[in-house]
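Structures are listed in the sections that come next.
Each of the next two complexes has subunit A plus one other chain: subunit B in the first, subunit C in the second.
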Partner chain A sequence: MTFVHENEAEFEPMETTVRAILDDVIIQDDGIAYVDNFPDWVMKLRKLPATEYTRVFVQLAVLAREFADAGCKPVASALAALARIGLTRLVR
Partner chain B sequence: MKSLIGSLLDSGGWKAYESSLIELFLDVSDSVHNTSCDRHDLAICRAFEMLETLHPARLAEAAPFFWLNLHRVRRAQGTANCHPFLRDVLMTGFDSYFHFLPDGTTFELPPSDGGALVLPRLGIRVSEASPSMLRRLSSTILEIEVDSARYTFDLPTHPGRAATCRISDEPPQFVLAVGDRAVTTSDVTNIVAENALEPFSRQIPQALALIKSVDRQLYESIRRTVQWFVPLMMPSPSVHYSRSARDLVGVVHLSEGYSGVKLAEAIVHEFHHNELYALQRTQNLTHDGDRPVYYSPWQTGPRPISGLLHALHAFSGLLKFYGAAVHTIELNEATNAWRRELCQKLRVCMAQVPVDAMTPIGHLFLKNVEHDVMEQETKLGIRSDRIPETLIAHARQWCRDHPACVQFLSLSDPG
Partner chain C sequence: MASSESFGAFLVFLLSTKCNLECVYCNVDAGPHGFRPVLDPRLVERWLEAFAGLGASQIGIQFHCGEPLIVDPPVEIFGVIARNTLARFPGATLTTMNVQSNGVVLDDKRIRSLARAGIRVHLSIDGPAGIHDSQRPAAQGRGSHCEALQAHHRLRSHGDNSGVISVVTDPVQVVPTVQFFLEEGFHEAVMNPVRPEGRGAGYRKFEEPEFMRDMAREFASAASLIAAYNASSPNRPFIEHNLAGIMDSLIAPGSEPAGFHWTFLIDGKGQLWAHPGSYGITSRQLTQGELPNREVLRSALGLDASSVANGGVVDGLRLLRDRLFSACRVCKSPDFCIPYYGPNHEEDRLGPLCIWRSELTIRLHAWLQEQPEMARLITRGHRTADYALEAQ
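Take a look at the complex of A and B:
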């Protein structure tokens, strides 16, 4: 599994947790989009030591940006909130 | 019957909405932790740390007033206006999560600028007191501190419970007759009918029973979406007014003069606004933004697309309600004339929506309204293919009043 940044020819393995969150991204035929099990993901990410799992939070932030660029606001917003759980702890 | 918006909410929209509430909490919580500097800020931080111990799914169950105040804090972040709203966040948060917080949990409140003690779910309101501390002593005993004096409230018996009346269980629904900043939007704070708790608590269940007899699925949707009914006072009982607010999903405000089928109608109307607000919190129906330039047959001023969509959803929902009511209630000729007029107004309103600006969900929505109107026209045995003179006169006046918006008006006969 690889993680590709849009503007760079760099490949980074996608973190298992990020892959699992991505598997919970629901985009329905009727247009409704959301991250399933969002409350559980918040709990799980809060328990991760931010310094050890930096890439999880960075990858979530990059994914949030990509969903935002694709116009999928609900998913972008949810992923950004998940990313912030770790990122704010890293800078505090 | 269930609306399209109701179906979208059930198919994932409610999950997205709940996620957005948790996101809001996380956002404000981050900001509180990052900006704390004085003693009050640290006390607020401690309170947020207590709330953070709750599972986020539990967090999402808070009363709508908690979210209203979090929205206010987010908008006021970085300004001196933030503290009163943070106080209201702590108060309504303590109220919402009282039963899930451990004994001994203490929320120290920032100084107040006159706000009362209002705990809507616990049913306590003390106008004279501006407490500096709230503490849970046990699952039924609350302690507050006012001017260094401490008072305890035995929750099941305290007379302050008269502020709220629980009118049903599972899911609970309440009438709240409190005009206080912490539980109202600023446009209605001063017109809450605080003495209408008792009559309203009798009338609302009757109106809900009427809705149930007409359309059980609609009733179930209302039960799930609307938990709070707030009576409003008007200059005269014959003046009817109802209101919902974007940041208060789950609360409807109704003037006390409503009764019988008109009260049921107002609940159905406001429920549809609530439903659409919940969906719009996370899902875009349009790319157009909030430019108030469009004509609405129900308004004198120009409206944003969102206003048109709310009108379409609320009034087509009402039209369907009355369409179903013919089997249960004897509708008089005036009501049937009003239904015919509603079909015409809905058609005119639909014509104002710039289709190119709609998202896939927005297109689905418009198609559904069109279908609903057509179905009701068939039931009424009419075709709304001519625009009545009164509506044309209304539109002409609108053009005279808002010349800059005339380019957005579309008034060709739909037929």
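Take a look at the complex of A and C:
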């Protein structure tokens, strides 16, 4: 499974916030997968001006897609929800 | 010896009292005016962690308000928080997750968004326009029936014949409301007498025994209507869950679902209340501002550490429920014997809801004896309604 952050040379640099969220992704051997501190991330991202932090939300959406493609639906859904916090404001 | 019976919790989160309507009977005084905070999403996570950590094997969730579709953060985020939290607890199954909405802002885009978040929509519709609009107006006094019905049909166009909660404030409403649901092709509803709390506190006619006997008579008439409809539409039957529940208990006494189930309410400040008859009755408030976690929950439910460790949670919960809710000789179940409808623990006097239920049970029992095939047509069959647990 290849994620954006493992190939940074080929992609744009990962935003600090996105990296921190990724650090909170928990995937256990027994199949349990979730994003730790998820409500805290919700509250933090809601405070970010979407237009100034576009890359954060786009990168979250890209990551959500990659987790979905890798079959990790719980994490994909959580990251997609975080991405939508900003993306829905951007398209208004 | 401690029981290892399974424990199911239905958690109702009151996200806010913010609402785009001002229903005349609203028991939490919801409305559009003033500053109305929204429940901190972190508290939702903490309560879910606490219940799952205590060993609840089944957890159902309802997001209630106010109007949950107008809160910010959006209810879809609360849904993702719930799933993300319970993902850590493989022993806890999320049985249902829904919102109780008035439907006013529900468009196709929102329906898709809610479906994506795994949240089902239940609507509040009080019957035909004349009844609904008089009870569920917007702040300007305009009714909301048109929007509510549109929302129902939108949901149906997406393949979801939504569940409905209907509040009854007068016996004369019962039959017209059922007729409306049948004519409009609704699938199921739960019709509840108004709860005299908040703005509903003025409905004190419920304390008159004759009023509740009339209510029972009208519900029995409605049962006949439903049976006739279901006989002619066997593939698309209509279920009213109060009637169906009583009839089910008459046909097969003691056939309640396995395991111990209890509904709890978490208010807009994150405080835990025991259901039914919860909000507003001090003795039902189980926490007083503590930050929720498993230990706070254990303490709030009066469970000792050893019983939790030995899987004997249900025994402790039964003790607490018996202490908080003592059903009368007629109701036998605290789900119906609810003190906020009026006094009900005097030996020589039944409470209003107990009168309604006992009178209705007698009528349905007589009908079952006389016309068993018709009477059985109002039962649930395989269907259940998690929202039938809720009052309004």
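In this section, the second predicted complex is superposed on the first by the 82 of 92 C-alpha atoms of A that agree within 3 Å, B and C clash if a C-alpha of one lies under 4 Å from a C-alpha of the other, contacts with A are read in each partner's own complex, and residues count from 1 in each chain.
Criterion: contacts are C-beta pairs under 8 Å (C-beta built on N, C-alpha and C of every residue); 3 or more make two chains touch, one makes a residue touch a chain.
Keep in mind the model is a prediction, meaning the values are calculated, not measured.
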item	value
Partner touching more residues of subunit A, whether subunit B or subunit C	B
Which of subunit B and subunit C A:F38 touches, first, second, both or neither	both
Touching partner for A:R92 - first (subunit B), second (subunit C), both, neither	first
Touching partner for A:Y53 - first (subunit B), second (subunit C), both, neither	neither
Those residues of subunit A which subunit B touches in one complex and subunit C touches in the other	30-35, 38-40, 42-43, 46, 74, 77-78, 81, 85
For the subunit B and subunit A complex, residues of the former touching the latter	8, 11-13, 15-16, 18-20, 22-23, 26-27, 30, 33-34, 52, 55-57, 59-60, 282-284, 359-361, 364
In the complex, subunit C residues that touch subunit A	40-42, 44-45, 73, 76-77, 80-81, 83-85, 87-88, 90, 117
Residue numbers on subunit A that touch subunit B, as the complex places them	26, 28, 30-36, 38-40, 42-43, 46, 73-74, 77-78, 81, 84-85, 88, 92
Residues of subunit A touching subunit C in the complex	30-35, 38-40, 42-43, 46, 74, 77-78, 81, 85
